[in-house]
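Consider the two complexes below, in which chain A is the common component and chain B and chain C are the respective partners.
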Partner chain A sequence: MNKGVLIFANNNRQIDYAKMAVVSGSLAAKHLKVPVSLATDETTVAWMKQSGQWQEALTVFDKIIAKNTPQDLQQRKFFDGPTSTTAPFKNSTRPSAWSVTPYERTLLIDCDYFIMSDALNEYWEVDSPLLISDQYNDIQDQSRAGWLDSYVSDTGVKLLWATTVMFTKNDETKIFFDLVEHIRKNYRRFADVYRFDNRIYRNDIAFGIAKHILYGFETDKGYSLPSVLSVPDQDMIVDVENGAIKVLSKNLNDYTLCSIKDRDIHLMNKQAVLRNIDKIKETV
Partner chain B sequence: MDFGYLIFVNENDESNYSTLAYALALSIKNTQKEGYDKVALVINNRKYISNYKSTWVFDKIIELDDMPEGWDVRSNMDLVTPWEYTVCLDADMLFFRDYSHWVEYFIKNTELYIANKAYTYRGDVVTSDYYRQTFTKNELPNLYSFYTFFKRGCYKEFFELQRAIIAEPEKYSNEFLTNKKPKVVGTDEAFALAAKILDIQNEISFPLEFPRVVHLKGMIQDWPYPADSVTDHVGLYIDRKGNMKVGNYQQTDIMHYVEKSKITLETINVLEEIAWKTKEEV
Partner chain C sequence: MEEEYKNAMEFSKYRQTLAIQRKTLKEKIDAKLTYGFNGGIFKIDRNLLNFVEMLIYKDRSENVVVLDANENPILVEDLVKFRDEIFDRYFSASFEYYEEYQKIKKSRSVESLVS
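Our next item is the complex of A and B:
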């Protein structure tokens, strides 16, 4: 069974997701020693060529799959420490992962997920066609995690973290991804039934509900990927030194300086990642 | 093999426990395999079940004229059961699938087993002690009498002691429950205290993944806000096949629904229809 990593990146005017994906892909290839492909859109490809990233991308990625530019109309607030900007949020193509992946066993990751270890190599052979992380793991401690980091709503089903998803391409997972797409297309209707906030489409919610439905409207307590170690976007990346990412982690009234090394990490502050992208690239 | 479930009903003109027991017995007949589907009802007066269409779901009906008030009569479960092996249940419960493999395990491995955990409607183990302060503050074993398995004639000392506690609650509370006295010493407290005094909790309630009973009390559902009743916040739905959903969750474990008004005539009709079809098929 051939295996590989798939990363989605769709740029908006404020955030260069492709630039992050190149570094994220390089790190995944280095630590997991498997090919990495990029799923993107024509506009992002055009920008990659214009900004001089294209040649590097061709060396990093096994395949670059460019589809039509998604026409997502939703906007969201992107925090950069204490400040924020509002920008388009293009995340609607994720359910197409099943059809676009060139691999039989795929590790699907967000482009702001940086693989710094070979921990996920343990999961390629797990006898389960679909593995998703079911837990958020805050860099500081779980006291910063909110209720909606665990459930889609107060009384609703478990939230899954679509940041890391591993799947085998088969009939079962096709049904799963088709269902995720169905939920995405009928998001408001599902919000009525599952009582979540439907103002912004979230893959985490759609994946959580799809798994819940396919497991007979119960929580699947079987295998899952490890919890997603995360730095939320209100934290700031201040430096990368000797392979360690240094973060100012927000408390109620001040910050704590944290350092992460040799751990897979979800850096949610995109602007801070882009400011430090060259230093992160040095860890490759 | 002489196994059966035992349900107590101490009815008055304002309560509907006989309806709940009838619904439970119907659900047992609808889901349990032969040999594990017998039900005995202990009731203070037969007149309360005289209007039901299918009293055949009660394999034995034991009428007790001199029942004490409330639920203290359950402390006599070992004395009144007609079965060699018994699981005593609360009346406000429903079955949704075959649980006979649990019973098979208990018959083979134990003479007395009392449930030691409950589950939320999402299938998580209840961790809140909101309703169980007496247990945590007095370091009582966390026993739930809503599912009690026993073999007739065994653990006499335990049953006699819990009866004594029920009979003289003040005496035992003052002596043993000093850190937090319960308003009422119920069967759960009496079982837990008796087990602790006799130091047999590890014998009669060792860790197991079953029985799985969902306890639908509001404050223990692991919600981010206080909830007096569960159905103020999520819907409770029963379909024509007798399946239950609570909120977005299909229920497959034994349901201790607590809110007595949720068993309506419509629910009874659904369960009766399934029972009749099942009986015809047999």
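Our next item is the complex of A and C:
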């Protein structure tokens, strides 16, 4: 069975997701020693060519799959420590992962997920066609995590973290991804049933509900990927030194300095990632 | 009094960083002690090490079924090879844990903790 990593990146006017994906892809290839492909859109490809990233992308990625630019734009707030900007959020193409992946067994990751260890290599052969991380793991501790980091709503089902998803391309996972797409298209209707906030489409919610439905309207107690170690976007990356990412992590009224090394990490502050992207690249 | 409070706040910051560094180190070692084998996922801990060693001692070292971390039955054809692998991983991870833990323990400032 051939295996590889798939990363989605769709730029908006403020955030260069492709630039992050190149570094994220390089790190995944380095630590997991498998090919990495990029799923993107024509506008992002045009920007990559214009900004001089294209040649590097060709060396990093096994395949670059460019589809039409997603039109269903939604706006969301992107925090950069204490400040924020509102920008388009193009995350609607994720359910197409099943059809675009060139691999039989795929590790699907967000482009702001940086693989700094080989920990996920233990999961390729696990006897389950679909593995999703079911737990958020805050860099500080779980006291900063809220109820909605674990459940889709106050009364809803378990939230899954679509930041890392591993799947085998088969009939069962096709049903799953088709259902995720169905939920995305009928998001408001599902929000009425599952009582979640539908203002912004979230893959984490759609994946959580799809798995809940497919597993007989029960919480699946089978295999899952490890919890997603996350640095929320209200934290700031201050430096990258000797392979360690130094973060100012927000407390009640202050910040705590800490560092992360040799851990797979979800860095949610996109602007801070882009400010430090060259230093993160040095760890490759 | 002002000086005492300032010192306490500084020490508090050090403790916060220390707590995060210890947490992430522990999780790193936990990841290293996760072993994917024959379709299952094993947590390498003292229970597993002892159980496997006991089976070998009792001459049960071929085609043995061992429950993994999810309580699923996993067939281990060659238990001696499996034992050697989990022992290797355990010693390598625990030694790394010890070394890095010592570094953290000796660090007396936020700067040295994150360096």
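In this text, the second predicted complex is superposed on the first by the 284 of 284 C-alpha atoms of A that agree within 3 Å, B and C clash if a C-alpha of one lies under 4 Å from a C-alpha of the other, contacts with A are read in each partner's own complex, and residues count from 1 in each chain.
We adopt the following convention: a contact is a pair of C-beta atoms (placed from the backbone, for glycine too) under 8 Å apart; a residue touches a chain by one contact, two chains touch by 3 or more.
Everything numeric in this text was worked out from a predicted model, so none of it was measured.
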item: Which superposed partner A:Gly243 touches (first chain B, second chain C, both, neither); value: neither
item: Touching partner for A:Val193 - first (chain B), second (chain C), both, neither; value: first
item: Which superposed partner A:Thr219 touches (first chain B, second chain C, both, neither); value: first
item: First, second, both or neither for A:Thr155, with chain B first and chain C second; value: first
item: Which of chain B and chain C A:Glu125 touches, first, second, both or neither; value: second
item: Residue contacts on chain A - larger count, chain B or chain C; value: C
item: Contact residues of chain A, present in both the chain B and the chain C interface; value: 221
item: Complex contacts: residues of chain A adjacent to chain B; value: 147, 154-158, 193-194, 212, 216-219, 221
item: Chain A partner contacts - residues on chain C that touch it in the complex; value: 13, 16-17, 19-21, 23-24, 27-28, 31-32, 34-41, 70, 72, 110, 113-115
item: Chain B residues within the chain A interface of the complex; value: 122-124, 221, 223-225, 233-234, 245, 247-250, 252
item: Residues of chain A that touch chain C when the two form their complex; value: 117, 119, 121-127, 137, 139-141, 221-223, 226, 229, 241-242, 244, 246, 249, 251, 254, 256-260, 262-263
